[in-house]
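The structure's right below; bear with me while I get my questions together.
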Amino acid sequence: MFEARLLHGSIFAKVIEGLRELVNEATWECSGNGITLQAMDSSHVALVSLVMRSEGFESYRCDRNMSLGISLVSMSKVLKTMGKDDSLTIRVNDDSDSIIIAMESQNQDKFADYELRLMDLDSEHLGIPDTDYSCTIKMPSSEFSRICRDMSIMGDSVLVCTTKEGVKFSAKGDLGQGSIRLVQTTNIEKEEEAVVIEMKEAVALTFAVRYLSMFCKAAPLSPQVGLSLSEDTPLMCEFKIAEMGHVRFYLAPKIEDAEN
Amino acid sequence: MFEARLLHGSIFAKVIEGLRELVNEATWECSGNGITLQAMDSSHVALVSLVMRSEGFESYRCDRNMSLGISLVSMSKVLKTMGKDDSLTIRVNDDSDSIIIAMESQNQDKFADYELRLMDLDSEHLGIPDTDYSCTIKMPSSEFSRICRDMSIMGDSVLVCTTKEGVKFSAKGDLGQGSIRLVQTTNIEKEEEAVVIEMKEAVALTFAVRYLSMFCKAAPLSPQVGLSLSEDTPLMCEFKIAEMGHVRFYLAPKIEDAEN
Amino acid sequence: MFEARLLHGSIFAKVIEGLRELVNEATWECSGNGITLQAMDSSHVALVSLVMRSEGFESYRCDRNMSLGISLVSMSKVLKTMGKDDSLTIRVNDDSDSIIIAMESQNQDKFADYELRLMDLDSEHLGIPDTDYSCTIKMPSSEFSRICRDMSIMGDSVLVCTTKEGVKFSAKGDLGQGSIRLVQTTNIEKEEEAVVIEMKEAVALTFAVRYLSMFCKAAPLSPQVGLSLSEDTPLMCEFKIAEMGHVRFYLAPKIEDAEN
Amino acid sequence: YPRKKSKTKQREETSFILIIYRLTPKLEFLMIKQKQSNLLSGLWSFLEISSSKNHLDQMNEQKRKTYIIEEIQQMPTIDTIPSINNIKLAGQCRHLFSHIDKQYIIYYTHCEQNDVLIPSTSMQWFNEEQVQTSAISTAMKKVFNVALPQIKLKTSNGKKNGTIDNYFRKKNSKV
Amino acid sequence: YPRKKSKTKQREETSFILIIYRLTPKLEFLMIKQKQSNLLSGLWSFLEISSSKNHLDQMNEQKRKTYIIEEIQQMPTIDTIPSINNIKLAGQCRHLFSHIDKQYIIYYTHCEQNDVLIPSTSMQWFNEEQVQTSAISTAMKKVFNVALPQIKLKTSNGKKNGTIDNYFRKKNSKV
Amino acid sequence: YPRKKSKTKQREETSFILIIYRLTPKLEFLMIKQKQSNLLSGLWSFLEISSSKNHLDQMNEQKRKTYIIEEIQQMPTIDTIPSINNIKLAGQCRHLFSHIDKQYIIYYTHCEQNDVLIPSTSMQWFNEEQVQTSAISTAMKKVFNVALPQIKLKTSNGKKNGTIDNYFRKKNSKV
C-alpha cells in the first residue's frame, strides 16, 4: 500500500498544475524515499524531473516500490476542487488499478474522496548528468514569468546572453525586436526579490519561448526560480518545493541548421 | 397601476439573475400580497417558485391583480446596469403593454429609466403540495455551489445519500468517481457557516448536476441554502430573500429505467 | 534625433491604449513643442487629436521636426510589458527607420529595449475650428463609461439632450428603450466626482454608441471627462493628460436621412 | 415567362437508415454529408441504404440486418467497418418530399471501434444538441426523433430524469 | 507538353440577383452556397436567376419582378417561400470572368417570415461583416456593394452617420 | 442480396503534387478542397496535376517544372498566378487506394504574393498543425510528411530545436 498525507494539499495542486500542460500524463515512481517523476514532452524538446521527499509529508507509507501511470490532466481537474486550507491524502491499495485522492477541510466538516483510474504508460528514463554550469541566475519567479510573456510578444525564440554586466534576453519577429537586461541586485533588501548571477563563462543560447512559458506554470511553487546555463547544454529551470524537493525543467537549445 | 419600490435594488437584480438561466421568460403574478412567480424550465424537469411579499418593499401599490409576461433575460440585462446602492422602482401603468424599471443613485444625481415590452405567455400553474420531508439540510450557499461544481467535474448525475453521519454527494464518469461528505457542524461559531442536518429517514436520490448548478445562480441572495429531500419526491432547494420571501427550486429525481 | 523621457511611463501606455482601437496606425508629429497626433478612424466618422507638450516630459529633445508613422497596435503590445513604476524613453535616431522604446524599472535592475519599424503612412490633417459650444458637461470618466455601456445594451444610437434640468442619454432597440438622466451636482464634496453642466442653448443630438465606448478606452487618463456639444457639430470628448496636454475625440452626429 | 409549378403523382420509395452511435467520449451519432448531386446537397444525414420494394418484400428482419451490414461495407465514406454486434430496429417514419413519398425503416447500432472512423468534412460524430441544431433535413430530424428515445434508454445506465409534472398536478386557480 | 492559354471571345450573360434581407435579430442577408458543379464551387452567393437576353428584352420592370418571385418558388434550396411584399431595384454591375462577360441586375427585398428559412450548410443569414469577410466571389462582392447602401438607407430609421469631413476641412500646412 | 466485394487488379497512376507555402504571417501551406465528384469529396489536398506515364517518360526535371507551372495557370481555383521563382523537388511517395496504385512526385515552392490568393471555402492557407488535424486523406498526409522536413529546413532561419535525447542518455535502471 502507498499512502502520503500533506497538511497543506495546495502544494501538491501547484506541482501538478505546473506539469500538466507540458506533460499530459506521466509515471510517478513511489518508493520509501518519496515520489519522483521524470517525463519528456511529446516533442522531446523538454524534460521535467520532480522530487518530493518522504520527509516533506505529514505522514508517508510505501510498502513496496510502485510505478503509477497518472493522467496529470485528470489529476489537475480533481485537485482544483481542493479548498485553500484542505489537507490531502493520496493512497493506492495493493492490487488496485486506481489512485485515491482524499481531501479534508480544515475544520473537519467536509470530506471529499476521488478515485482516478491508473494508466498503463511506457516510461523511459534518462540519466541526467551532474553538470557544472557556466552560469546560474536566481531571480523572482514572477519576474521570469513576465520576461517570458514579454519576449513571446516579439518572437518565438529568445536568445539568452550572459556577460559581466548581467543577463540579457532578446527576441525578434514581425513587430520588430526587443530585449530585456537584468543586472545583479546590489541592495539585497528582500532575498526573495534579489537577482543573483554567478558566471564562470559567458554563454549565448537560443531557446523556444513557448516552453519557457510552460515552465512558468510552476512559478507559484516558489518565490524564486533558478536558471542554469552552459553552451551546448539544455537549460535547467528549477523551482524549489519548500522542505520537500524540487521541480526541474530541462530545455534543449536551438541549434544552427547545417543545411542552410 | 402597479408600482413597487426597493431601497436596495440589488436584491431584485440577484433574484432575476438567479432565475434567468433556468427560465428565460415567466409570468409575474402581482397582487396586493406581493409578487409571485412559478415556472418550469423547458424540459419540465425543474420548477421555480418565487415569493416577494409586499411588506418587504419600501413602497408597494397594486390596484388590481396583474399577470405580467416578462422576458427574464431582457430584464436581467437591464438590471445589470444598476449601481450597487441604487434604489429600484418597478411600474406598470393600466392598459400599458410595457413595464418600467427606474433606478436612482444613492446621492440622487443619476436617474435611469428603462421600458421593456411585456410578453404574451401561456402560464400553467402547478399545485405544490406541502411535503413533510424526510431530510432537511442547511449549509452555506457557497459550499453548495462548490459541491455542485466539483461533482460536475466527475459526472452528469449526483447521488445524494443521507445517513446518521451526515450527507454524501457522489458522482462518477470518464475520469473516475468522487464523493463529498458533509457532517453536521458541532461548533456553531457563525450560524451562517453552519451545516445543520435533520433526518427522519435516510434517503438516496439521484439528480442531474446541471440543474443544481443552475439553482446556485441564486446563491448571492442568501448566505445559507436549504435542501429538502424525500424518496420519490422532487428535491427542494430554497434561498431565502431577507425579510421578503424566498426562491424555491424543485428538481425531479432521476429514476430507474424499467426497460433495462 | 528625437528623444523623449517620462518618469511615469504608464501615462504613455494609457494614451496609446486609448487610441489603438479607434485608429490602428497614425502619424506622430514631433517638434520642439512636443508630440501631436491627428487621425480619423477608417469610416471617417470619428477623429482623435492628441497633444503632449514637451514641458510635460522629464527630458525632451527634438533636433528637427519629424513625422513618424507608428502602428499603434504594435506599440500598444510593447507598452503592455511595462511595469507599473517604470520610466519610459522614446527615441528615433536620424536616418533611422525604427523607433526605440526603452523602459527602466524603478530600482534600476531591469532594462528593456524594444525596436519597432516605422511605417509609411499618408496623413491628411484637418483644421479643427475653435467652437463656442452650446453645452459643456464635465463628469467622472467612469460614470461616462458606465453610461455608454448601459446605453449600448438598449441600442446602437444614443440621443443626447440637454435641458435646464441636466443632460439625458436615451437609446432604444429590440429590448425596449432606456434613458439615463444626470443632474448637476449640488454638493461638491470631491471635485473629481462632480457633474458640472454649462448650457447656453439646449441641444439634442444622436451619436453611434459604439464610438463613444471606444473613446472611453482613454478614461484611465483622467478622473474626469469633458463633453462639448452644439447642434449640427461633432461632439468633442476630452480627457486631459495631467500637466502635459489632452486627448480629444470628435464624433460626427447622426443625421436625418433625406431619402426616407 | 412565369412557369406554373407542376403537380405530379409522388413516387414511393423506401430506405433503411442505420444510426451508428458511440458512448466514448459521450453519446454521439455518426453522420455523413450528402453527395453534392441532389437537392439536399450539403446537408448532414445518417447512413442511408436505398432499397427497392422488391427487395424489401423478400427479406425478413434477419435478412434485412445482414443486407444493411454488407451494404455499409461497400460505402466509400467509411474507411474501416465498425464491428457491428447487433443492429436494433428503432421504428419507422414517413416524409413527403416535393415529388417522393418516402418511408424510412430505422435501425441503430453501437460502434465500439470509434477510433477507426476518422472525422472528415464528409463524416463526423455529432452529439444530440449538434444533431438538433446542425444542417439536417426535416426528414432526418424525424428519423432522429424516432430513434433517439430508444438509444437513450439503452445507454442511460438505467436512469432517466423524471419530470415535475409527474409529481405536481395542475391547478385550476392561480396562487 | 506545356499548353498555351487559349484566348476566346467572351460570352455575354445576364442574371438577376435577389438579395433577401431581414432585420431581426439584426440586418442580415440570405446567401446560398453554390452547387458544386462549376468553377465557383463552395463559394457563397446571393440568389441568382439566369435569364437569356431574349427574356429580358421582353420584360418590363413589373414583369421582371413577377418572374423573379416565381423562379424562386421553384428553387430547391428554399423550403418555404418568404412573403415578398415588394422587390426593389438596387442597380446593376458587370463582372468579367475568364470566359464570360456577365451583367447583374440587382434587386433586394425584405423578408418578414425569417423563422421559416432554416439555416443549413447551403443557406445561411450573414451580417454585413460576414458577407465582406466570408468566401464570396469578386462578382458577388461587387453586387453586394451596389445593393448595400440602398438597403442601409431603407433600414436606418431615417438616420445615418455623418462624417467628420463634412465638418472639418483639410489643411495645407500641419499643426 | 448480399454482394461480395470485387477484387480487381489496381490501375497505376502518377501525379505531380505542388505544395505552395508562404512565410507571412507564419509558415502556412496552400490547400484546395477536392471537387465533389469523387470518393475523396470534401477533403482538403495540395495542388495535384495528373500526368500520364507517357508524359513523365518524356520530361526531364526542368521540363516537369515548366509543365507544372503552366498547368497551375489553367486551374480555375487560383485567381492569380503566384510568382513561382523556383520549384524544388521534395521527394516521392506511393499510396494504395482501393483500386488505384498511385505514385506522387512532390514539389514545393515559396509564394511571395500571398495577398493575391483569396481564401475561400475551396482554397485556404493551413499551418502545420491544421494540416495534421484537418480533413485530409491518408495519401495527402504521406505527401505532406515527405515535404515538410525539407520546407522547414529551408525556412528555419538556420535554427532548429535540438532534442533532450541528444543530451541525456537512456538509463537501464530507474532512479
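By written order: A, B, C, D, E and F. Residues from 1 in each chain.
Following the convention adopted for this analysis, contacts are C-beta pairs under 8 Å (C-beta built on N, C-alpha and C of every residue); 3 or more make two chains touch, one makes a residue touch a chain.
All figures in this text were calculated on a predicted structure; none of them were measured in a lab.
Following the contact convention of this document, B is the list of chains adjacent to both subunit A and subunit C. More C-beta pairs in contact connect the chains of B-D than those of the other pair, out of B-D and B-C.
Taking each chain's centre as the average of its CA atoms, subunit A and subunit E sit 57 Å apart. A separation of 39 Å divides the Cα centre of subunit C from that of subunit E.
Averaged C-alpha coordinates give centres for subunit E and subunit F that are 36 Å from one another.
Shown for subunit A are the residues in touch with two or more other chains, of which there are none. Shared contact sites, meaning residues of subunit D that touch two or more other chains, fall at 33, 36. Residues 29, 36, 38, 40, 43-47, 67, 123-129, 157, 174, 206, 208, 233-234, 250, 252-257, 259-260 of subunit B are the ones that touch subunit D when the two sit in their complex. Listing the residues of subunit A that touch subunit B in their complex gives 71, 74, 77-78, 80-81, 83, 98, 107-117. By the touch criterion given at the top, residues 143, 146, 149-150, 153-154, 175-185, 187, 195 of subunit A touch subunit C in their complex.
Interface residues of subunit D, counted against subunit B in their complex, comprise 24-25, 153-154, 156, 158-171, 174-175.
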